[in-house]
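Just so it is clear, A, B, C and D label the chains in written order, and each chain counts residues from 1 on its own.
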Amino acid sequence: MNNRNDIIGPRIQRIEAISDGVFGVALTLLVLDIKVPVSEMIHTESDLMTAFSALLPKFLTYFLSFLTLGLAWSGQSTQFTHYIQHNDLKLNWITLFYLLFVTTVPFSTAFLSAHITFKFAIGLYWLNIFLLGLLRLINWNYAYHHHLLGIDEKGKNSLYKGMNQRIIIAQTLYAIAALLCFINPYLSIGTTIFIQLYFVLEVFAKKNKNALS
Amino acid sequence: MNNRNDIIGPRIQRIEAISDGVFGVALTLLVLDIKVPVSEMIHTESDLMTAFSALLPKFLTYFLSFLTLGLAWSGQSTQFTHYIQHNDLKLNWITLFYLLFVTTVPFSTAFLSAHITFKFAIGLYWLNIFLLGLLRLINWNYAYHHHLLGIDEKGKNSLYKGMNQRIIIAQTLYAIAALLCFINPYLSIGTTIFIQLYFVLEVFAKKNKNALS
Amino acid sequence: MNNRNDIIGPRIQRIEAISDGVFGVALTLLVLDIKVPVSEMIHTESDLMTAFSALLPKFLTYFLSFLTLGLAWSGQSTQFTHYIQHNDLKLNWITLFYLLFVTTVPFSTAFLSAHITFKFAIGLYWLNIFLLGLLRLINWNYAYHHHLLGIDEKGKNSLYKGMNQRIIIAQTLYAIAALLCFINPYLSIGTTIFIQLYFVLEVFAKKNKNALS
Amino acid sequence: MNNRNDIIGPRIQRIEAISDGVFGVALTLLVLDIKVPVSEMIHTESDLMTAFSALLPKFLTYFLSFLTLGLAWSGQSTQFTHYIQHNDLKLNWITLFYLLFVTTVPFSTAFLSAHITFKFAIGLYWLNIFLLGLLRLINWNYAYHHHLLGIDEKGKNSLYKGMNQRIIIAQTLYAIAALLCFINPYLSIGTTIFIQLYFVLEVFAKKNKNALS
């Protein structure tokens, strides 16, 4: 196996392609958790509206998870934007473990929506968000320290710190939101969605400055 | 977080790739709503045909949703054709919210096919079509006003208006079709399919003039 | 809407990308039809083997549909190989209708495997194969007559006829195989698989002559 | 059909794209096997934790299969990295049969997790791993002997042997791990995961030497 060193990993385009595949499926599978009410009890329009409104907590966790996956996809693909073209087996496996926690999101979402008042379900969901953030941090630091970023030295350093800061601040806020479940579960979930929406809306509040493009 | 401005968004190819992933899954998940009749009561060929013909309303909503998603995909990818290569976090999130309403199509389809005679189910389905149109309008106007379209000034202006007009006319027709549910639900669904087929067949009625390619 | 002519369709890469998305999901969804036997009656290794062997007809239709989709994907992507880069809304919709019948394959497979001894189920399955062939024929003829093939005039003509012949011969054979269901359903399915395997193995029997690459 | 030789196969990018599609779906479908416990018996946090811990064997097989598919994807895309751009119908079908055994992984995983103490279930799972390895070996040898690798002659030879050795060593280890089920099923599964993790961690233990990039 001393020829192993010659075996290079997949091109970064394929790492991106498998990511888009997994995210695409995970984003869409979320909706399978929302079961259409089929009941012999539904006779009138207002029966149907009542049955539909009973699904609203499911839509809440659906929206939560859509934001979770949207931020995860967005964060990962933003990082890859800075990468130079490269074949790398380590990056490959960091990404695959990242995708492992992407594929568990439909489960932890369904688990949360079925047991929304339980601290354990919120804790499990938070753990999933945390692991996604952790892997994104590892991905970024690996790329920085192994010179996989195609940015000039000065810009690289400030970008490196900016991205790290951003992930750590986000994760700190998510951890605080999760802890709010000891007061009230809906407060905890609501705060998490609020933080996620903040990160989304912040994008629209700023002028685009594409420093590198 | 003042380094944030350096953090550019995903390349437009990845925004297209995640879109194709989500659309691919959503288009195929639709079929999961059509359950194969498995019954001890099926003994003869004509029993099976009877059981199959009971599925025809499901096929109707299936075809409806296939057209809905087909037009949504087609409309979105036509818009992207005009975009210049660009990294943009705002475009990213406009697209993700667009995909949010793509992923709800399998649900609103199943909801409609289970309660096809209810105005509420038709209204919900219409809402989904409307939100897809709205986001497509936002996408297009954002791209126009932020100079993301790679077209010369004169052609751009007329194309811009043409695309807007087209979306608004289509949405007006869909709204009228939805309102027909107050007369008869099948009339409403039939009219929606008719409008969608019109937009498809119109493509084949014209000569190709690829003004920009 | 007189600006409509300026609205060009999606690039051919995106038409290919949505195709790969739909095929990828359809190929994998097939397996959801094979349910794992979970029973309190399974106590010994031989109980489990008996339960597994009861699944063998499911594996048969699974393999049949894998070949159906494999040939459909392979045939379509081979056609696209010859296409010149082009934006085309008609090609877009021909492809989407093709994909419509790709997404019905998991249904017609499950329908067949649940009612494998019924002529109606075999007829429905055959109809699906036929529609896939028909759309592939339309796709090819549209491309030829609208000068979308990037091949010199002489090679184009012989390639055009060769591809048409091939689809028509294949479809004739599938129709004969389907008709065999009037003798015996397993004979009909077996013959279909045999024909499909012939088209696969034929590929390996020949030397590669890449006339155009 | 003598024009057949002119019909070239899909470009290698599309073979990669359909692979990424199938892998993306298969990786994500695995999670559908882990059903959320929904029970009227769950009243307290500790009830929920108990119900969750009953799922741990499911998570074990989930992780096993994630590694199986991750290694399969990684191995295949590493091979394709060395391929020259080429249209090839044979490569197409080798890949499709490879994907056939990718799509069966969600089934053999669910089969194993439902019957984890049975030798037959472990044997079936091993067969799936074996077939993936076999097809990867065929893929590699086909590419080597038909001059599809874009590497200079000397490097090619040592790389060719290195890759073959690697697959054969891995498969030998998996076969031994499978045989351990005659002692204890968990020992067998644990050893398989251990071997897979070894191949993943080995990547991180080495310095990157990208001999060819």
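The definition used in the following text is that a contact is a pair of C-beta atoms (placed from the backbone, for glycine too) under 8 Å apart; a residue touches a chain by one contact, two chains touch by 3 or more.
What you are looking at is a predicted structure, and each value in this text was computed from that prediction instead of being measured.
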Rounded to the nearest 5 degrees, what is the angle of the rotation that puts chain B onto chain C, matching CA atoms? 90
Quick check: more C-beta contact pairs in A-C or A-D? A-D
Sharing over half of the contact pairs with C-D by residue number is what counts; pick that pair out of B-D, A-C or B-C. B-C
For chain A versus chain B, which are copies of one sequence, does the interface use mostly the same residue numbers on each side, meaning over half shared, or is it different? different
Can you work out the whole-Å distance between the CA centroids of chain A and chain D? 25
Note: chain C sits from chain A at a C-alpha centroid distance in Å of 35
Among all residues of chain C, those touching at least two other chains are 17, 20-21, 24-25, 29
Give every residue of chain D touching chain B within the complex, in rising order. 21, 24-25
Across the complex, what residues on chain A touch chain D? 1-11, 14, 17-18, 20-22, 24-26, 29, 32, 86-90, 92-93, 96, 99-100, 103-104, 106-107, 110-111, 114-115, 118-121, 124, 146
Once bound in the complex, which stretches of chain D touch chain A? 16-17, 20-21, 23-25, 27-32, 34, 36-38, 42, 45, 48-49, 52, 63, 66, 70, 73-74, 77-78, 80-82, 155, 158-159, 161-163, 165-166, 169, 200, 203-204, 206, 208-213
